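Reviewing the structure listed below.
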Amino acid sequence: MTASERTDEAEAATPPVDDGARLARRVELPDRAPPHQAAPVGELVFDVRDLSVFYGDFQAVRDVALPIRQNQITAFIGPSGCGKSTVLRCFNRMNDLIETARVRGSVRYHGVDLYGADVDPVEVRRRIGMVFQKPNPFPKSIYDNIAFGPKIAGYRGNMDGLVEESLRRAALWDEVKDKLKQSAFALSGGQQQRLCIARAIATSPDVVLMDEPASALDPIATLRIEELMYELKKDYTIIIVTHNMQQAARVSDRTAFFTVDVRDNGQRTGVLVEFDDTGKIFTNPGEQQTEDYITGRFG
Amino acid sequence: MATRAASVSATDVVRQNLRGKKFSFGGIVFEAFLLLMLLTALAILVTLIADIVAGALPVFRERGVVDFVTSPLSLAGDTAGVSTAILGSVSLTAIVALVSFPIGIGAAIYLEEYASDNRVTRFIGTNIRNLAGVPSIVYGLLGLAVIVELVDVIGLGGPGTTNGRNVVAAGLTMAILVLPIVIITATEALRAVPSSIREAGFGVGATRWEVIRHHVLPSAAPGILTGTILTLARAFGETAPLLLIGVATGFFSAGAGASFFDQLTGKYTALPVVVFSWSRQPTEGFQDNLAPAAIIVLLVVLFTANAAAVLLRNRYERKW
Amino acid sequence: MTTPHHEELRHRFDEDLHSIRMDTVRLGGLILENARRVSEAMLENDLDLGQQVLAADAEVDKLAAELERHAFETMALQQPMAGDLRFLVAITRMVYELERTGDLVANCAKAHAHGDGFALSPRARGLLAKAAKASSDVFAKGIEALADMNPDAGAELDRYDDTVDDLVSEFYTLLPTESEGSGLENAISLSRVARYLERIADHGVNVGQHVHYIVRGEFPGDARAAD
């Protein structure tokens, strides 16, 4: 039998092979835009120009300019001492609490100058929440931790509902719903940090600042926080400072790379080197300094 | 061959060195010496207390503790009691608390939470610490020179010849004496509150006062409380200023039918002073029995206060 | 790729991997459609259809480049390990296989257009039809293996590939006769097309092998070679 004849026989016996169209239809596609496509550019939440921060005579940060857009996760990376936390704390005026701190330049939040004379820093901190490096729940019950912020802000609505909502959004509700009156210190480190996230979002901010939120946690707890950030992105704008580059790569949409500039007189000042889409920063950065840091050639 | 022999001997050497305890003569002698010091100190204390208890025992056995504690001052050895003195000491301590706590704790909160850290505040802090170490008799002189006059002038001088030498003046003097201590203990308690708690409070949009009121003070409260108890215990037992200000060794009030105000502003006495005066009284029984009995009462109060402070501190420390 | 544990972490990463796989399958589907189209064009002597095939190839190249970029970016951003890493590396290789396949399909169209169509005797025509169908079937099976993440498609793919090779060999035997009938150039073009069809099937087999590598961690030949 020739090959041709064999083929005829075989064809009679076997079912037809999928063609391209049927093949394409067989595979399922999640019902949203593929993640790698850039999301539509959101509104400008923060507009920073010529930002410099001084602690007394020491200049910690020099001439930083960057835009932060809505519903994105922006990461600040860089070696220690490069001023990433200092810049972050400018966004909610936490630097005000340090006596010798002076902030120069402009930080605009939805167009309003954050350091204007008529701006109340207390109100700023309600709208721009913060999560700190080491989980720092209040020495109170889980419920009271969440309820404190809204209470002093004058919230008169259904507090139980607000507490539940905040805990749900922080992916902690199921684990604590039966022990809301227990001390917050009874929770594990990862749970405490999620509690701090819930506390931060209880005042209904539109921005959440995170200062190395996972650096005190074990790897699994870290990944859970990262999952959580991905979910929170839908409703909040997130800025995260991290010394873990890989975390910035996994989690953020935009990345800002800071470094330390050492002057002739020995003064070490933080400067912004590059700010771009995370994909570009980690595959093809524009600046050599960035490439050196990303590839671990320079710490 | 050579290495095997070498390794065998190495094992032997190690074995030899590890086995058998070394006899260190010097170490044992030193340890014995330290133990001896401890026993000596304990022996002294035990002797002291035994001596006092021995002296006080007849009083308690004859009259019972309750009778002794509830009988007023008297010149007769078999009816004299410490009730007047206790009343005086308690009033004194109450005044100390009322005056020194608000001022001291308030000052501590301001220094710790509001004031900036500069040369002036550091200077103030140093001086407060110095004042805490000033001998109490100096405060007595201050009391005599200033407070007594002040009390008299503002109308609290009291009936008769008291002229301001009353429990009000004594209380105010004591309050000034313990004020530095109150400030220091309150400051320490406030400093012990981790700054991360404050940061968290500010982070959710609280004002400085809200952070202090809802987070710092509740956390520092156990420490402040412990400090106040110890301060009151100190005030209860302090003697020198009272002697200077001139404490009556007689009765509390100006007379049986005197008003409460007159009682308050009239002559008075306090427990440590009673101890002092009874130990100099030549009348039979006072020096040998009654004074020790009064000392026992004083010690019981002090020990109880200290124990309460320690219990409180332990209880609240566990909560963290 | 990774077995699910009691808790699902790295959703974003999993979604990314899934979409890369689906994009690859879809790319394969596009190429497959083009292959069927060029086969029809050659057999029905439809030059316009041939032009469509060439135009579609430009789209194929663009998608392949984008897919490769996406895979590289995911590797940079997500630090893949083990199966995830094998998957992404294999995807970049498969994209190459797919792109080459797309080029081969386009080459068939070019060969067809060059001579303004083929002259085919009925017998040659029948054989060409079978060969073309068998060739794109192998390719389709390779893509299907990726869609199903089936590491065992290899054996079946080998069989089908053998069939293609046999059909193509048989076709070659006809060519001398064809060249006598319709000219040397025509025969040469047909021989080129036959070669392209054979290589399309080979690429399909390679895709199947890559799927085996992703799932099992080695290529099908390795275990046998070690024995």
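First chain written, first letter: the chains are A, B and C, and each begins at residue 1.
Everything that follows uses one rule, which is that contacts are C-beta pairs under 8 Å (C-beta built on N, C-alpha and C of every residue); 3 or more make two chains touch, one makes a residue touch a chain.
On a predicted model such as this, the values are computed, not experimentally measured, just so you know.
A linear topology is adopted by the chain contact network, the touching chains following one after another without closure.
When every chain is reduced to the mean of its C-alpha atoms, the one closest to the centre of the whole protein set is A.
If you tally contacting C-beta pairs for each pair of chains, A-C comes out on top. Centroid to centroid, with C-alpha atoms defining each point, subunit A and subunit C lie 42 Å apart. Subunit B and subunit C, compared by their mean Cα positions, are separated by 91 Å.
Centroids of subunit A and subunit B (each the mean of its C-alpha atoms) stand 53 Å apart. Looking at the complex, you find that subunit A touches subunit B at residues 92, 94, 97, 99, 122-126, 129-130, 132, 134, 136-139, 148-149, 152-153, 183, 185, 196, 199-200, 202-203. Across the complex, subunit B meets subunit A through its residues 116-117, 194, 196-197, 199-207, 210, 214-215, 218-219, 319-320.
Residues of subunit A that touch subunit C in their complex: 2-4, 6-8, 10, 17-21, 23-24, 26-30, 34-36, 220, 223-224, 226-227, 230, 246, 249-250, 278-279, 282-283. Considering their complex, residues 7, 9-13, 15-16, 18-19, 21-23, 25-26, 28-34, 36, 70, 72-74, 76-79, 126-127, 130, 134, 137, 140-141, 143-144, 147, 163, 166-167, 169-170 of subunit C touch subunit A.
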